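Two complexes, one shared chain (chain A), two partners (chain B, chain C).
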Partner chain A sequence: MTRPRAPRRGIVEALNTSFRHWSLLPAVLVFALLTAYPIVNLLRMAVSTIEFRDGREIWTFTPLRNWDLLLADTALGPVVFNTLVFVVVAVATEVVAGLALALLIGGLTRGKALMRTLMIIPILVPPVAIGSMFKLMFNHDFGFFNQLLSYAGMPPVSWLGSTSLALLSVILVDVWHWVPFIFLILFAAVEGLPKEVLEAARVDGATRGQLLRRVTLPLLLPALTVALVFRSILAFKTFDEVYLLTGGGPGTSSELLSLHLYKVFFEQNQLGYGALLSVFTITGVLALLVPARWLTRRWALQ
Partner chain B sequence: MASVSIRHVDKAYGPTVVMKGIDLEVADGEFVVLVGASGCGKSTLLRMIAGLEPITAGEIAIGGERVNELEPRERDIAMVFQSYALYPHLNVRSNLAFSLELRKTPAAEIEAKCKQTAGVLDLAQLLDRYPRQLSGGQRQRVAMGRAIVRQPRVFLFDEPLSNLDAKLRIAMRTEIRALHQRLGATSIYVTHDQVEAMTMADRMVVMNGGRIEQIGAPLEVYDRPGTLYVARFIGAPSINVFEGSVEADGAQARLRTRGGQHIALPWFVESGHAAPGRAISAALRPEHLAITADGSLHGTVSVVENLGHETYIYVDTADGRVCVLAERSLRLPPGAAVSLAPVVEALHLFDAPSGQRIDAGDARR
Partner chain C sequence: MSIMMKMSAASRAALLGWMMLGLALVIVVGPFLWIAVASFKQPIAILSGTWSFTPTLDNYADVLLSKRSDFLAGVRNSLTVATVSTTLVLVVGTLAAYSLHRFAWARWVTLGFLGWTLAFHMIPVLTLVGPWYLAFKQLGLYDTRAALILTHVSINLPMAVWLMMSFFRDIPPEIEQAALVDGCHPLSAFWRVVLPLVVPGLIAAGVLSFVFSWNEFSIALNLVSQTNATVPVVVAKFAQDYEIQHGQMAAASILATIPALVLMVFGQRFIVQGLTMGSVK
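Moving on, here comes the complex of A and B:
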């Protein structure tokens, strides 16, 4: 008895193919719901005015009004400036300190594991705890920092209350919080450096300085870029530390973009304008991400 | 160019002593090969000469000047690493120029020297490539170039050929030797490959367990191994070793092997070595055993290896498998019973507990 096998196999194959396509559906749905929909909605919000009346939200298409609000926002200039200062100063300090620590601890003959574990602790502390902790330490009357100053015979300083120091104080906390992150990335890279290459350089006549500048740093460049890019993106979005420590004050002297967004959305109830501002922030971060990705891929190929 | 002196050098990691009382004089322009199994300390010794590894006691001098306290960069040496250790972020030209740039050599001179070196090592077409774009053999040549470009006093080689395939390894072996004859630079070369050591060395240093077993010219070491370890280590196929004890009756002495066979020891009685029952080992190279009708050793053929120019026959005896160098025309099927005659003059005898060579001249009993 021979069965007509060929056509049946054709059906099975067709079912197989369509099954494969349909099995993508959950992933597509999740992507659409969680990523695409919010982004589309954000873009729609950015060109609309949204009011709440009679228990309903009312959307009106007013693209120019949000632009006008943007141009009229006097706080925006200082906020963008603060954010840039914050990102550049905080990230630069963190990368330099993280690199120094990674090289220092990488050069230890013993106690490496212990040092690495100790370094992770700041990452583990919840931001709210960090905010409260440092708020106490920055306290004008009994805070740790002013006590240090009084031991040194200097007058107390208003760390969070003065326009010239507030942003700097926030940066200080951010550095404390994030140096370990940079350290971990760079420490792994330092541990992975080819030992014989460094030895070859020493035999070839390199002093410590030359070794660092001409061999170690170039070899660490890919890891440095990754650390720098990640940290910069995260720094652009910093919210909790500012919110908890200064609330952006005094005035707008320590207000960063994320906090400003928060205020526009939830204090001024300007949903449309807030959305427009968010789109700008995302664009800014993307502008940072694309060249960085290109650079890291180029180095990865080497 | 300079001599290298290693005097009573010890090396310890904490309480663990890995090297004790190393003494070695390398003459100016000499090519010395440190050879031994992995873990024998040969690479550590090389790294101590380079200054990459501190020494625990003793003294190392280069060109008569004590260098114990000097950094690697102050010793004016060049080293070729097993991994080649090329600078991955620099192209071939910059790899060659690196050491010269560190010394602030004028650009024109750097250019000239790199060009010359590239010519010597056939690297001219590769100057703009990066190490990742090179084959193993090319990387090896760049590593060599990086060493010779600045004309150091001493060259150190740490197993530079072990990452190459067999054919390239043999070619580079000859090339390195030729380069040495041309440059005449003092060279210390570490390898675990005894064939490399035999073919390249002016003198070879056989190391074992952090000690020097024997120093000598390759043929000297091959013909008169100072210890059983050296006898076993040098030579391929390996030397045949028969363990046993001395039997003496009047003017005759012979070795009775563990397997119950006999090997005559003609000079043993008159030189006073023949204490009956003394445990010794007799070693014979494959070329010093002959397949004859009336040999004193007996066995059956197990494997025949035809290498073209020579034939090795492995014979299973009561004392284990024995390798014999035979004539090509000799055809023996596996399983054939044969008897073997040792060339008595070529016997190497070793004191069994100490492994030290026994010679007619140095009777101790």
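Moving on, here comes the complex of A and C:
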């Protein structure tokens, strides 16, 4: 079993090993320094009070103070409530609309590529531009939505300025922004449906309704679950649009978790308390992520 | 009597499909059109909500050229940050993806690495902006474009690694083995044989990384001040000023969207997979 290049194998092996190690190293370094270290630092910050005097940071160990701030934070209740309403209503609407679109477009014989291109647009536009565009469209005096109402002979509505509508308006923008994302996931699933199974059901005399309920939807269930779970977790990230549209107002009526973190960290300068909230947020996301991964793995194996 | 009645069920369904498609088109494109129209209006035409008006370029001129506007400085900052961070993301991400794909790393290394990238991708970024702020202050990097570049590398790296891994997986292993048997050493096999095969992946990861960096707002808002502000921060300022200038706001939004649209046109056939990455894989 002597190979012609036997003498060189040692060098090749060595190069191979070193390439193997340094090829992963930069990425590990990036994640260690820019994500793992800050998260460890969050734990330290969460039990401290950090103040700036003469441009220098002064850390004091005050483990209970941040918990006191947490209990005294009257905005936190509404923020958690708003965030849950936002996630449930926005994501449910997005999944239903995304599914409807995916099924409709999937049934077309032409225009699929065009539709997919179109759907990429909202995902790639700067969220700040989306917020700023919709802020203009929601404008009380000349905005598009009140123009529509006036054509219909109805009085103008304060979309962003009333406590009852502000969160709903933010949800509307989020739906516009993210239905395409759900659509892309479900459209891929619809395109991947086994044609023979659908054809067999049709030949056996299944009506359109039966076909949808008994065959198509069960087959799409894995993709639906994935889209729902991941969009729900990602919805907690929402910041840019709500920062621009309402700034969380009026009062705290449209304040979401990420915006609240921003206010605690950078408007109230409570780095310690902000860190405590961040630790809870990260724990919550991970607690959702583990079963989500398990779900997707289980589906993937089938 | 109507055309609808005469049509077969299949063509009625097709017509319904086309109508839905038309509606979706209006809903997606409508806001851009409305804003584009508003961006060519004088303040008085915007406030009166009229559809007949004399178009003007004043809003664009004001956004791009006025001394009070930081838009062009923002474009310079955004271009620098997006270009440098995208280059780094591609180099670091491609190497990591190749390493995980090609070399027999222990299971815990691969799963740990990919699990971490997924978790980090899902965590609201504002939880980390606080510690980043402190760290960059200590390093003297607060209010520099370097701080934005580093953070943007970290937020776009997960997407690049996943995307590149899926492209590496599609390469038949025989191709690389053939190169190695022919005496190519692993590094040059990677460089000359494997990399040219994943150019579509590099384009997709590059386009997405660039666009996401260009769009990123919450980090730029908090880690840099006016001189180093990126485009989204400048756009937000138009909307936040006490005296909101609606025309400029519309023009700035349209201008900020252009790079994403241009890249989408060039890269769209590569990027669909990358957009839904992490949720499907």
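What to note about this one:
Everything that follows uses one rule, which is that the second predicted complex is superposed on the first by the 270 of 302 C-alpha atoms of A that agree within 3 Å, B and C clash if a C-alpha of one lies under 4 Å from a C-alpha of the other, contacts with A are read in each partner's own complex, and residues count from 1 in each chain.
Heads up, the rule we're going with is that a contact is a pair of C-beta atoms (placed from the backbone, for glycine too) under 8 Å apart; a residue touches a chain by one contact, two chains touch by 3 or more.
Predicted model, so just to flag it, every value in this text is computed and none were measured.
In the superposition on chain A, A:Leu261 makes contact with chain C only, not with chain B. Of the two partner chains placed around the shared chain by superposition, chain B is the only one that A:Pro218 touches, whereas chain C remains out of contact. Of the two partner chains placed by the overlay, neither chain B nor chain C lies in contact with A:Thr283. By the touch criterion stated above, A:Ser164 is placed in contact with neither chain B nor chain C.
Touch criterion met: A:Val30 reaches chain C, while chain B stays clear of it. Of the two partner chains placed by superposition, only chain C is touched by A:Ile121; chain B is not. For chain A, the partner with contacts to more residues, out of chain B and chain C, is C. Look at A:Thr207: by the touch rule set out above, it reaches chain B but stays clear of chain C.
Once the two complexes are laid over each other on the shared chain, residue contacts for A:Thr74 go to neither chain B nor chain C. Those residues of chain A that touch chain B in the shared complex are 194, 196-197, 199-207, 210, 214-215, 218-219, 221, 302.
The touching residues of chain C, when paired with chain A in their complex, are 13-14, 16-18, 20-21, 24-25, 27-29, 31-32, 34-35, 38, 46-49, 91-93, 95-96, 98-100, 102-103, 105, 109, 113, 115-120, 122-135, 137-138, 150-151, 153-154, 157, 161, 183, 185-187, 190, 211, 214-215, 217-218, 221-222, 231-232, 235-236, 238-240, 246, 249-250, 252-254, 256-257, 260-261, 263-264, 268, 271-272, 275-276, 278-280. Contacts from chain B toward chain A in the complex involve residues 50-52, 71-73, 77-79, 81-83, 85-89, 98-99, 102-103, 130, 132, 146. Those residues of chain A lying in contact with chain C across their complex are 5, 8, 11-12, 15-16, 19-20, 23-24, 26-28, 30-31, 34-39, 41-42, 45, 50, 57, 101, 104-105, 107-109, 111, 115-129, 131-137, 139, 141-142, 144, 147, 176, 180-181, 184-185, 188, 223, 226-227, 230-231, 233-234, 236-237, 239-240, 243-244, 257-258, 261-262, 265-266, 271, 274-275, 277-278, 281-282, 285-286, 289, 293, 296.
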